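Mind having a look at this structure? Questions to follow.
Letters are used for the chains, namely A, B and C, taken in the order the chains are written, and counting of residues starts over at 1 for each.
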């Protein structure tokens, strides 16, 4: 078994192990209902962190609008599930919901990628932020209903849909979608996470993944080596958006009222995911999963400290960034502890900072 | 007539964005970092004015001065403690995430001190304003002051950068830090000075913003901060006239689309403008195109 | 018919004619040198040949095929590979992966097979590994196959860049100042590597160089550029003894 396969298997192993631990805790009644409620969000944040790392770490383009793709996946799939709730049985409906959520996010990833990927660096980042906000705002002003005559849609108000008496408003503007069936659970979340990991890790170790990383490292040399730079950028961005869409499907099928609020889908949410990716290690897929889980749980576990928890969280964040990345502190650490010192060891186990996955 | 009123309101909001964007664009130009905490400096400035005015029973002039001084100190301290250690880090994302951490920190400190409820901010400009055409066109005092202040700041900054030694040092350091250091420029001090100016401008912008839109919360600065950054990018980041133009365009578009299209969609339209402009001109309206040499 | 045929190639930047009426013919198997003082337009010629810049005038033919206004990518697929003055490796990728990126165009499987590691994936990857290792052995890099490219010493980075270019199976190899920044020992080793590439792959090579010792030691033919124009062209010995060339190099 080669090193790469082994590395991938370790990642799957960690996820499955965590799954088993939480399941045992749940079965033995050792998990509070508050914590139980955090399990599905933990999985979808891990999924979108994997998606964002594909974009930031592997493709090398900073996106701060990824929650927009999650939002698209969430709304398109929730719309479908709500509309067909009484028509289709649960299992095929949920599977189709996934296909729709992923498909819509991928489609928009592709369409948005066409203009965005022509830009460079921070200009690209700010435009992804802009698109994320546009998606959120536009969804917030959509009204869609269904009655015996079919689909009604406008951007004014629910009243203006002019529906028959049997009509049902599904998307109610800023009030969003209420009552999406709760089909997502921890097990499904873990399965989606494993599939995302499988696809991304395999991609990295394939012809296409190498081409994508080559563009990240040096696009001029990549072109001269015959790599279709635009095509591969589009490919990576679209796959990344698609996986974010899958996270959105989990999101919307785990919440009673889905609204396109800033809290969940705004740039702040996208930045939170970016924090997971950077702390987990840029380009390190396993690190993203671990960081997403720990950092999502951390503020929740600090809930006992109530008002101080976000304060503590922000200080930890600043200190960790400086300790991990400051050139002077890195040099001091290596002098004091050697490369294999405590920090180095912890660093290597959890937060491998090198971009190379092999 | 009402269109003219909206246009002037847009100009006023745009002037506030422009003042914030000036700080943003200077900091970005020299430190090459997206300072996500910049918007929160506005909020800090507002709370300081709010508290000082309350303590001095409504004397806002002292409040503004104290806010400018403290924000300047805060900016320099933040740069020294949080950003400077990460200069030259292996990834530019490191300092970006730290800035996000600083943003969270400031918001949560404000939350602890003042709570989450929205405070009503009493305008620092007591002037009622002027009426034209028999009261049909009324321009508020704060609107006029805002526009004037932004023009004064723009001119002062242009003079500072083009006529003074420190200004020239800033230009040099933003072109090439290594070469600037070789020419005897103290790069660290120059960057600190840039942060000081940017933060002072944020305090001024905060006073004007909260006078025009008098609701103050720990998250007051976040969205204007982002929009000002959009304005800076729109105008061409690093360019001072660009920041001014970008800010004004953004403010006018925002107010007009809120009025005539939809308040729900106005942000989408504002961000849409950025997308369209960057598609046509990938480095903004007045931005320089830098070609990588092969 | 010459492998590379360039006629009347010109490009201006602003008012400056960076390359003016450039002509060259390179026969299959030749090692051809492009020399000239700094700023003479040598790298610009390379950028024109590889589609980084589009010429204002002129025709470039590779093996009879007109490649004049094609993109960098198409030109690579047509058969021109290059290295860069300032080394451009895929620094955060392993040595073998750098070479495998070069092999991509000739060893294919679908994106789906790549993402799921099914179908042709295993077989094609094995073939790529074998071919990449064969190349790395030729360049003496096989022991460093799993190193990050950034961690290689300078001389080996140059070699890896050539190996990556060779992985695209070019008809013509362009080397942009391969000896830049090298000490005499490294330069000597580089000359051996270039000789090896010719021998192993029967490769046609066009190189830009400042190092006269290297040029006179290995090139069969030379073109001297000065201020964007061809000053002199022909067999190495004749060119180097041309008084105009000596003037251009040593000043008047």
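Quick notes on this structure:
In this section, a residue touches a chain if its C-beta (ideal position, glycine included) is under 8 Å from a C-beta of that chain, and two chains touch if they have at least 3 such contacts.
It should be emphasised that the depicted structure is a prediction, and the values quoted were computed from it without experimental measurement.
Judged by the touch criterion defined above, the protein chains are all mutually in contact, each touching every other. Ranked by how far their CA centres sit from the centre of chain B, the chains are topped by C. Here the chain at the heart of the structure, going by C-alpha means, is A.
Note on interfaces A-C and B-C: more C-beta pairs are in contact across A-C.
In terms of their C-alpha centroids, the spacing between chain A and chain B amounts to 31 Å. Chain A and chain C have CA centres that are 42 Å apart. Chain B and chain C have Cα centroids lying 49 Å from one another. Each of the following residues of chain A touches two or more other chains: 220.
Along chain B, residues 294 each make contact with two or more other chains. The set of chain C residues that touch two or more partner chains comprises 52, 84.
Every residue of chain A that touches chain B in the complex is listed here, in rising order: 56, 62, 115, 118-120, 122-123, 125-127, 129-131, 133-134, 137-138, 140-141, 155, 173-174, 220, 267-268, 271, 274-275, 278-279, 282, 307-308, 310-311, 313-315, 317-318, 321-322, 324-329, 353. Note for the complex: chain B touches chain C at residues 294.
Residues 3, 198-199, 202-203, 205-211, 213-214, 216-218, 220-229, 235, 239, 283, 354-356, 358 of chain A are the ones that touch chain C when the two sit in their complex. Taken in their complex, chain B has these residues touching chain A: 28, 34, 36, 82, 85-91, 93-98, 100-102, 104-105, 107-109, 111-112, 222, 226, 229-230, 233, 237, 262, 264-265, 267-268, 271-272, 274-275, 278-279, 282-284, 292, 294.
Here chain C touches chain A in the complex through residues 50, 52, 71-73, 76-77, 81-82, 84, 88-94, 97-98, 100-102, 104-105, 107-109, 111, 113-117, 121, 124-125, 128, 146, 148, 164-165, 167-168, going by the rule given at the top.
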